[in-house]
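Below: a set of structures, written as structure tokens.
Look at the two complexes coming up: chain A is in both, with chain B in one and chain C in the other.
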Partner chain A sequence: MELFKKYPKLFQWIFLLIVFFALCFAIDVPETYKFIRGQAEFVKDPNQSTFVFLGKEVRYYAFDVFWRLPPLLGWLPIWINDSLFFLMNDWMPMEFWNEDTQEYKTRPLVLQITRNLTAFMTFLIELIREILLGGLETIVAFTSWDWIDANPWAELPGLPWTIVAAGSAILAYKLGGRGLAIFAGLAMTYISIFGQWKPSMQTLSFILVAAPLSFIFGLSLGIAAFKSKRVEKALYPILLVMQTMPQYAVLVPALVLFGVGDHAAVIITMIVAVPPMILLTLLGLRAVPPEVIEAGRMSGCNNWQLMFKVLIPTARRDILIGVNQVIMVCFSMAVISAFIGAKGLGFNLLLALNQLNIGLALEAGLCISLIAILLDKMSLAWANKQVDYFGNLNFFQRNKNSLFFGLIMIVGIALAYFGSIYFKEYNYLFEVPHNKGISTADFWNKGVDWIFDTFFVYIKAFNTWLIVEVLQPMRALYLRMPAIATIVLVVGAGYLIGGIRSALVVCGLTLFIALSPWWDRALVTTYMATFGVIVSCIIGFTVGTLCFQNKHSTKFMLNVCDIFQTFPSFVYLIPVMMLFGITDTSVLIAVIVYATIPATRYTIEGLRSVPSGLHDAATMSGVTKFQRLFKIEFPLAFPHMMLGLNQTIVFALFMVIIGAFIGTEDLGQYILKALSDKKGAGIGLTLGICVAFIGLIFDNLIRTWVDKRKKHLGID
Partner chain B sequence: MENYKSNFKELPEPIKQFGGLIGIMIIIFITFFVLNKMFGEGDELVAKMKIEEERIAQERKLNKLISSLPSGILVSFDGTDHFKLSDELYEAVCKATKLIPQRAIMGANFLNFRAHEIYTINGNKIDETFVKWDKEKNKCFAGFVVSGNNVGVDETISVSGEALSFLSTGIDTRVYFIKNF
Partner chain C sequence: MSEPVIKCESVYKIFGENAETMLKEANGNVDAKTFQENGCIVGVNNASFEVSKGEMLVVMGLSGSGKSTLLRCISRLTDATGGKIFIEGQDLLNLNNKELIDLRRNKMGMVFQSFALLPHKTVVENIAFPLQIKGINTEESIKKAMNMVKLVGLDGRENYFPRELSGGQQQRVGIARSLAVEPDIWFLDEPFSALDPLIRKEMQDEFLRLQEKLQKTIMFITHDFDEALKLADRIAIMKDGIIEQLDTPANIVLNPATEYVRKFTEEVPREKVLLIEDVMDSTTTEDIGDLKVSKDEIIENVAEKILTQEKTVAVIDNNNNIVGSINPTKIINTVFGGRKNNN
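Moving on to the complex of A and B:
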């Protein structure tokens, strides 16, 4: 009894675990249960039970409910599909003027809106693409094919790669100084001479449309949420779900609404990129000190002036970090949206991975990463750049970058002209064609073959050991959990951590997954993510703690994390496929590498957040380094490290879903299948929500615990 | 009631929390019991699935048998150069056959003028086909149903007869000749 009074929480947790395990052992696996006969298979089988809800028939295998809940939400994907179909084909038919046929045509309203939207997006993408690469579609849009035939001079010529490369270097110099300028110049030159110029510019044109539009929407919604509590409350659940929703899942319904191609990709990218922009705008505006607002009011600002002359300039840094986030999401989406026909490096990367041409994939992946790092550094430099309001500069000093750029334009055009005379077949000073640049693909492919030939035995042994001894038993354990035991464990944990409110939230989220037709698949996703998170946390916490012991290693490790974080998630699949081929091991290693980044970063930042006064106090008290770490730094940094765990879980979930490309059997695989299914929109969206909810369950539990712990420690 | 309430409020916080945890678990158990009453189908499903699994096993066995047959025409009678089915094989092939191609239908229609008329008028549409093993007669029967409007009259005609020969494609078997006279 004394022990119970001393450690009540511990006893409650032990009780919860005892009940959980008792349920696991008490409920037998039904004789008819087979994983392959998952509820989600949607095959017609005479053994299935059926129920009808909202006019939709749902088929399912009815087990003992304690083992698996019936998919009472099975109607949801069907209902979403039917609703989308109705919206796109039947709802509000109207007469619209058709320019091509010069007559009115009846079309449903939503279809007309989406088609207009896609036409507008296509125009913007084409415009930027033709400025960068040349073409005539934009001119034709304003004139006609006959006119362009009569005036061939009007065709947009495109910019020589030398001008774009030098222009980026000048911009990088203006924002971040000499180092960034050299990096920009080298990155652009590399992209050009390796023959990746055209796909890179296609990707860039896609980002140059998606990023500004996401910025405008995100900023506007962020301001609206800042101004109105109602808007904020309405946006909150969407933002929450979007943070943990796999980007893949958004592709499927968008495919139905907007079709296939770059335009659809831009719209999807905006959907994914707007939430972080809203959050950072809101964060920035909220952080503006009340004195600044008061000063604005005292100066006689009206609401408009207060927002645009006072609040936004003060919150500039957070807003620009939002821009940075938008750019990063755009890059990540540039690859993923290749699944729905977006052109550019992402498409090349996907194609190369599909053909298992690791060398080509590596080249495309390297180009994406280089552009991503460059834009990341440039946008961060922009965010951190201080505006010099008092500089007494002359005309040349004020406009030197523009003058340099003008000069470079002239030199670039001259070089391109010279190139057109000097080079017979291709003008390498204008653009290096895709298959005419230097290629290291063969070298890498031979390297992969060599690795396979040399280490095949060891790799295979490791693979077999991992799959047979670790992964399969772990997977079996997860699938062996009866539904009631899982729900008792999750809801009980929610109650013990955050009280009845938290218990209800996690109960709702878990029930959604349990009542969907994909509970088994969700368990597989969770098992893969759990494995990745455990290993990532062990590596991340250890590396973070070790690096923290020295300030140079800390700085180095944070830089490494920065760079790794800018790589689009798909890029991580390349090296693992090189080594481990198409297996679960590849996916899990990609998960581990990807998810180790936040674990390491948050460990270092958590340890850094411990006040230096406490370090001194500890040293003065004569504690050893080891004691200081375990008695002071870890307990204080633990809440921050737990936030890292939260991020690690989200990263791991994202990568597990992307791993479906290699061939897992989890929710991601079904999302991938839904992409090629005509009726896949509802399934894709529901699956995406399931994945988002898995993330949100952990997010809720961890955040609640962190808040309580911080309060307990008096940190917050 | 008031007394219980005040007594509960006076309990120490850990005990209250423990009570809450047990309460939540009880609610979950009760909910699952209710749902199990409504949707649980444990034992019946086991029985149903066992029957289904037996059916699948039987079908696999038949498929294996069919893939071992030579490609071409299989007959159940003597006097031709085609592969002659033994009694056992005849029964197995009958049970495994599901398709009746147009050739066999046209042949049967040849002797049933009204069926032929409806079949032609309604764009060669067949409502239903069937292949059955008749245990009593030890024979395989195949047939089809045609229906449609014949000069203002809705008619449904069922044509059936003994399936005397089959066509083996190497993948499946089809009825080759229906003797409906």
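Moving on to the complex of A and C:
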């Protein structure tokens, strides 16, 4: 009784677990139950039950309600799909002027809007692509094909690679100094020499369109949310879901609305990249000291002047960090959106992975990572750069970078011209053609083969052991949980952590998944994510704590985390496929590597955030290193480390879903299938929401706990 | 006497959701406790006063006393919940947004405790900012701003960024910026509180020098009683949103109105605050010595001279007329007597 009074929470948790296990043992597995492989539920089968809701027929295998809830939301994907099609094809037909046929044509409004948007995006992408690679579409868009035929001088070639490389080096110099400039120059030269110029520039042009547009939209929405509480409240749930929504899932509805190609990819990238921009804009504007705003007001600023002359320049750094985030999202989307036909490195990467040509995949992946790191470093340098004063410089000093670029332009063009005379077949000083550059693909492929031949037995043994001894039992355990027991466990945890409010939120999220047709799949996703998260946390926590013991290793580790985080998520699949082939093990190892980044980072940051005064106080009371770590640093850093756990879960979920590309049997597999299904939009979106909700359940529980704990500890 | 520049008539500022209805129901009898029970916090409670042209009113109070809130009501950075505020006869609370912006662009300047400089602009650009907001072109605004840079003694540093300056220098920029539009009314919200004691004293002297030259109408907020005594023409002492006493420094020291005010005055070295005029006898006796002192001298400066006299000393005004007399014992009484411990 004493004990019970002392630790009431502990006993509540024990009680919850007892109820959970009691339910698990009380409810038997129905004899007819089996995990549905492939897409069996879409095939008609006399054993299935049906119901009709809103005119949509839903088919499913019925079980005891305690074992699995019936998919009462099964109509939702069909309904979403039908509504989308109705919107696109039948809603509000209107007369629109058609340029090509010179007559009015009847078209549904939404279709017209999306087509116009598409045309606009295509125009922008083509414009940049033609500056970098040459082409005629943009000039033709302003004139006509006949005009081009009459004026052959307008057929300008793209910029020679020498100019682009030197130009990026100059820009890098301006933003971040000599080191960054050298890196920029080398990276660009590498890309050119290894024959990846064209796909790289295609990817770059895609990013140069998607990133600025996302920036503009994110900034405006962030400002709107800052100005009006109502806008913020309306945006908040969307931002929340978008943070945990796998990027795959958004692709499917976009496919229906915007078709296939670079333009659709840009639009979808914007949808994914805008939310973090909004959040960081809001964060930055909120952080402007109130006295600065008052000073602006007292200087007689009207609202417009206050926003653009006081608030935004003062919040500059946070907003530019937002730009950095946008660029990173764009890169990961540059690969993922290759699924809906975006050209460039991402497309080559996917193609190579599909053909199991690890060497080619590695080259493409390396290039995309190089550009990503370069742009990441450049945008960060921009964010951290202090404004310099130019007032007292002369014309040459002020414009030396542009003058220098002009000089480079001339030299580059001259070089390209001499090149065209000197090289008979290909002008290497203009552009190194794809496949004509140096290729290391064979080397890598041979390396992979060698690893496979040499270590095959060991890898195979490890693989079998992991799958048979660990993964399959774990998966069976997850699937063995009756739906009711799971819901009781999750809702109970919500209640114990955050009270009735949290319990209700979590209950709603869980019920959505339970009532969707994919509960079993969601369990598999959760099992893979759980496995990944547990291992990642153990590794990240240990590595983080060890590295924290020394200042240099701390800095080194944070840098490593930075660089790893810059890699587009797909790149992680390359080495694991190299070593483990196409198995669940590959996916899980990719998940573990990817999710270890936030686990490590947050551990280090958490430990670092412990006030130095406390550190000194502990030392002065004569603690040993271990005592300090366990009595002072861990308890105080724990809330922050839990936020890291939160991030680890989100990262793991993302990677599990992407792992569907290798072949898993979870929600991701269906999302991938929905991509190639004409009627897949509804399914894809609903699946995406399911994944997002899994993430949000954990997010809600962890955040509530962290907030309470932080309040309790009095840290913020 | 001419129209006061700032005039407040029972100004209230109450934070909370039902502030306005509660204020109406209270009928001018606001009790902070009952308001707090209903979820409202009283910031300013029935403040009425006037500031006339060229006068410096120092509002002094500890943190949470409502002094900054009062200032923000008068600059309309927050809207007062009740009462009336007039700026040069204009009803401030009835101004529309455009008129308010106009007023701020031309009549008001404000200095902030945390300097509140724009981090992306240089010193001279920061100072030119209010001018440019007004619509003055870059060249002219920079020229005017340069004059201000010289006025506050920052020449040579005009192209520095705020991050490159010390706290005292940053506040000089803040002062120059608030003066750039040549406002009539100058608000200073604890301008020197964030500075080191030595720099603070230097800045106070600098501030007095400026005020002598510029003769602005000033509301100066501080939590430092000594600073208030040093600078003020009149001091308003605030506690819990209420102005406890509003009077000249000398009167506050000599006749504290409430127990709360008296506590502040206890530790004050009177000889540094009081003028001869404040303690002299306005009658003149026959028995007068050769020494004459001006009535506007601070006691400290002439105490030694007076104390060496055996006879009563004559007090003269600016025109050398004798207006009163002072006895050395009076000086001793003022400096050492009249305090709690000695009574």
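Throughout what follows, the second predicted complex is superposed on the first by the 709 of 716 C-alpha atoms of A that agree within 3 Å, B and C clash if a C-alpha of one lies under 4 Å from a C-alpha of the other, contacts with A are read in each partner's own complex, and residues count from 1 in each chain.
Assume a residue touches a chain if its C-beta (ideal position, glycine included) is under 8 Å from a C-beta of that chain, and two chains touch if they have at least 3 such contacts.
Predicted model, so just to flag it, every value in this text is computed and none were measured.
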Partners on chain A (chain B, chain C) - clash or fit: fit
Chain B, chain C and vertex chain A (Cα centres) - angle in steps of 10°: 140
Dominant contact partner of chain A by residue count, chain C or chain B: B
Touching partner for A:Ile131 - first (chain B), second (chain C), both, neither: neither
Contacts of A:Phe66 with chain B and chain C, given as first, second, both or neither: first
Contacts of A:Leu643 with chain B and chain C, given as first, second, both or neither: neither
First, second, both or neither for A:Thr314, with chain B first and chain C second: second
Contacts of A:Leu579 with chain B and chain C, given as first, second, both or neither: neither
Which of chain B and chain C A:Phe15 touches, first, second, both or neither: first
Touched partner set for A:Gln386, first chain B, second chain C, both or neither: second
Partner chain(s) touched by A:Cys301 [first = chain B, second = chain C, both, neither]: second
Partner chain(s) touched by A:Ile487 [first = chain B, second = chain C, both, neither]: first
After superposition on chain A, the shortest CA separation from chain B to chain C (Å): 22
Residues of chain B touching chain A in the complex: 12-14, 17-18, 20-21, 24-25, 28-29, 32, 35-36, 39-42, 45-46, 48-49, 52
Residue ranges of chain C in contact with chain A within the complex: 72, 75, 77, 97, 101-102, 104-106, 108-110, 112-122, 129-130, 133-134, 159, 161, 163, 174, 177-178, 181, 187
Contact set on chain A toward chain C in their complex: 289, 291-292, 294-295, 297-302, 305, 309-310, 313-314, 316, 386-387, 389, 391-392
Residue ranges of chain A touching chain B (in the complex, touch as defined): 4-5, 8-9, 11-12, 15-16, 19, 30-32, 45-47, 49, 61-66, 69-70, 483-484, 487-488, 491-492, 495-496, 500, 503
